[in-house]
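Which chain is which? They are A, B, C and D, in the order written, and residues in each are numbered from 1.
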Amino acid sequence: MSDPRTTELSNVSTTVLGADEIILNMGPQHPSTHGVLRVKLKLDGERVVDSECIIGYLHRGVEKIAEHRSYQQFAPYVDRMDYVAAVSNGLGYCEAVEKLLGAEAPLRARVVRTILTELQRIASHLLWLGTHALDIGALTPVFYCFREREEILKIFEKYCGARLTTHAFRIGGLQYETYDGFEQDVKRFCDDFTHRIDEYETLLTENRIWVGRTKGVGILSAADAIALGVTGPVLRASGVKWDLRKAMPYAAYDQYKFEIPTRETGDTYDRYVVRMEEMRQSRLICLQAIENIPAGPIMARIGKVLKPPPGEVYHSIEAPKGELGYYIVSDGTTQPYRVRVRPPSFINLQAFDKMARGSLVADVVAIIGTIDIVLGEVDR
Amino acid sequence: MVLNSILFYFFAALAVGSAILMVTRRNVVHGAVYLITTLLATAGVFLLLQAEFLFIVQVILYVGGIMVLFIFVIMLVNLDISLLQYQFNRQRFVAAVLALALGAQIFLAIKMGQKSLFPQASVPEILPKNTEAVADALFGHFMLPFEIASILLLVAMIGAVVMAKRRV
Amino acid sequence: MVPVDQYLWLSLALFTIGVIGVLTRRNVIIILMSIELILNAVNINLVAFSHMFGTVDGQVFAIFVITDAAAEAAVGLGIILAFFRNRETLLADEMDMLKW
Amino acid sequence: MRLVLPVLYAVVIVAVLPLLAGYIVLMERKVMADMQARLGPMRVGPHGLLQPIADAVKLLLKEDIIPEKADRLLFWLAPLVSVTMALLAYAALPIGPAFQIADLNIGLLFILAVSSLGIYGIVLGGWASNSHYSLLGALRSAAQLVSYETAAGLGLISALLLAGSLSMRDIVIAQYDQGMWFIFYVPIGFFIYMVGSIAETNRAPFDLPEAESELVAGYMTEYSGFRWSLYFLAEYANMIIVAGIATTLFLGGWLRPFASFHDHLPGTPIELLDALPSLLVLGVAAYCFFLAPKQPVKIQKLVMALVGGLCLAIAGILAGSLFASPAVLQGVHGAFWFMAKVFAYLYCFLWFRFTFPRYRFDQLMRLGWRFLIPLALVNLITMATALLISREWGWSLRITSILAIVVTLAVAMWLAKNDQVDSAVPVAEGE
């Protein structure tokens, strides 16, 4: 149903309407659809009978662009997909190309990458928390979340000069050495952050209204989640303990101890709890990594012009929103023959219909928020 | 006391005028608004009759409750069709004449009995604590009717819920 | 002081208008509202007499009338809603399912 | 003279209320900013003090749009109904022993009746706009108002039992005579009224008719400019009204804290409380003068100093009335205490708004009908029993009311526990 090609001739509009049923279009311009998602709802009173996500309003042809850029030139483009987690996108792409080249980034680079990616995960979850709470009507958390996210973005800015679309990593390692005081900055943030999470939790976790609005809303069973290919916190909230950082360690994750938080029910509240716990775990990873950043080079010796041998590679990482995979086919030239991205938001959005069916209109807002989509990534 | 009379005739004119408008308007919502005006004018008349508690009951219950219900239902049912239909039924002329005849009869009845009915327009002493008096009457002498009325309301409530339910 | 018969005239006027409304209009909601108008006219009488005799009995009766009006409105509107759902009409002369 | 004073009061209220509403908005924005770790309006005037005036000018100058297919008569009428009813309710509100337009012996019922008519402004406005969002918002709003009015009214009755009168003035005097504000006798009644009043004024967390993301702005969607500001004014006027009712019934109205000790122990240090208002306002004035030189622009310095001067004048009046006759003292200080309590109550409104997420509509209705109304009924019965016991057996009302509170609390716990069904959508059953 989330196929961008079937916009109007969709299953929702062609089915016959019952006596009390109406079609409601939410979006693409709507405060709570997080960008330009358009949701077509068939309602019986306020109850959702059928739903369909219509996407493609932010399609920029990122995958096609890749075929006309050299490997390095394409790296900044991936930042524009999930623009609230640009660092993670960059990590996935760089590692995929490295795999294609048969090279590996030096350990120091991998550790710094891990730290920045985990900070990015926290930032992405913070943004999710703020907007999700705002959708449900809690006005205040969003400002607190942005306050902390600001700290993370400041670290990014100090490191590479950019805040949002950072292009922090290069194929083969890092372009920049860490700045003086990088460790202290991260440490200060991590030390501070544990109280901040407690602060959000006092506002929300035990709040009767919050629990009432999220518990039992948008339930996704583990079987459904696996069948739909859902990944990330959405999958883990349904009780599946699957995290690529543990299952197929990349960067430097195999060196650090952390838990994979899971919950059983798979409702909106569980996804909230899982993400909150993930932020704590990310903080722990950052703290462990910052303790001991090994010395050494930050760039592998891969040469200036990249000409990977013909072949194909699939590499995926655990992005904040789920499994972010890159499938790259090389024909031996300086430009990739084909790049295919497996964006977590796009796949996770497929679960929307499953979650929304039978709920009320007000829940739809909560469900869109809980999947944590970024339309830049869905539409690419 | 002149003020009293002026207010009475003002309220009376308002009530009758908007009642006529209510019966003749095509748009049901407008009709409801005119009925609300009539009811409020009547409430003003009650106030002139020193029935303060009844004034409040009229405003809270009639205007604030029953009429809200009416407007609710009017908004729930589709209006656009009924706006185009003819508003008066076939027997309208006969019915109007009969109604006017009934009115004339009552008029005559009141006119003829006027003297015997009201021997002396004796101004009674002002009821100082109207609310207390009504409460005493309601919970004292009229206790049984009061309880029956509440049972009636309960029955009506259940009936309304059953009627309005989509699937029983 | 306004003489009591003035209240009766007012009441009579409202009553007659209400009766005309009930008998001539097709829209069942307006008919119901006209009935409310009639009940209201009765209330004016009751309160006027209550005032004349210096007791509150009439007012108590008026309260009962209002209670009755509330019950009637609730059930009546419930019926209208149910009827509208089934027949999609609000016109009294089209409500002829019991006629044959 | 019997007519002049009320008319004067009425004029003052009508003139001051829009300004007051504007400054409550400013207060709201400032409180919100403070709770969210930011500054809020800072540009127009020092610390945004002139922001409400700028907003008002903006609203009045905006284009007045009437949708083409709207019902013009009702579209025009509806905001007027809203604002008229809101203002009418002020007729019986005692803002001090002297400052009341009319002391009706059905005062409280009058206020409730009139403010319940404000619903017509909402419903008719929503209908007249000829828009689905407006209509849905209006229907939701009306359903919510009707439901929560019941609960709020039942909460009020528990205090009325103690007062034994419907006259707003007598209610305050009863609290003076009994030496205690009614909130201490019926805290649960106060709680119920508070929740009910938030819902009645459509404030968060019950702001579904206005802010629910799918309804845009509820019944006000199609309104703009001056008409919209009328609705806005009505909303804030209603907030002040409910705060005024709560203040009068539960918080001792215009009485200052420990007002009754005045009679018991004349000349004791507790009299110092009389000086508190003037000292407080003096403090505010001093703070303004302290801030004035720090303002960046010259005109802002001037405005800040003017505000300080205004506070100084108020402090002067408050202090001066200490030496005037008791009637003047009561009148001036009564108004001060009344407004202070109203603002404290309103502050709670803001506090809730920025703390709680929004209810879903079915949860809202369930809270009203399955929790608040039963609780209000139980509270009423226990309170009446307590009153009866203290009257028949001569127990102290303070003890019996505590017993009543305990019983009611137990019932509240039980109700809350039973209400803990999971929030999954209930199975469809009718409308």
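The definition used in the following text is that a contact is a pair of C-beta atoms (placed from the backbone, for glycine too) under 8 Å apart; a residue touches a chain by one contact, two chains touch by 3 or more.
If you're wondering where the values come from, they're calculated on a predicted model, not measured in any experiment.
Touch-path distance (fewest steps) from subunit C to subunit D is 2. The chain with its CA mean position farthest from that of subunit D is A.
Distance from the subunit A centre to the subunit D centre is 44 Å, each centre being the mean of its Cα atoms. Taking each chain's centre as the mean of its C-alpha atoms, subunit B lies 32 Å from subunit D.
Taking each chain's centre as the average of its CA atoms, subunit A and subunit B sit 63 Å apart.
Averaged C-alpha coordinates give centres for subunit B and subunit C that are 6 Å from one another. Of all residues in subunit A, none touches 2 or more other chains.
Counting partners per residue, subunit C has no residue that reaches two or more other chains.
Contact with two or more other chains is made by residues 53, 65, 72, 76, 130, 164, 166 of subunit B. Chains that are in contact with each other form these pairs: A-D, B-C, B-D.
Chain contact summary for the complex, subunit B toward subunit C: residues 1, 4-5, 8, 12, 15-16, 19-20, 22-23, 28, 31-32, 35, 38-39, 42, 45-46, 48-51, 53-54, 57-58, 61-62, 65-66, 69-70, 72-74, 76-78, 81-82, 85-92, 95-96, 98-100, 102-103, 106-107, 110, 114, 118, 121-125, 127, 130, 133-134, 137-138, 141-142, 145, 149, 152-153, 155-157, 159-164, 166.
Residue ranges of subunit C in contact with subunit B, taken from their complex: 1-10, 12-21, 23-27, 29-30, 32-34, 36-37, 40, 43-44, 47-48, 50-54, 56-57, 59-60, 62-64, 66-75, 77-82, 84-85, 88, 90-93.
Subunit A contributes residues 24, 26, 30-32, 44-47, 133, 135-140, 143-144, 147, 203-204, 207, 209-217, 219, 358-365 to its touches with subunit D in the complex.
Contacts from subunit D toward subunit A in the complex involve residues 32, 35-38, 204-205, 207-208, 211-214, 353-363, 422-425, 428, 431.
Every residue of subunit B that touches subunit D in the complex is listed here, in rising order: 27, 29-30, 33, 36, 52-53, 55-56, 59-60, 63-65, 68, 71-72, 75-76, 129-131, 164-168.
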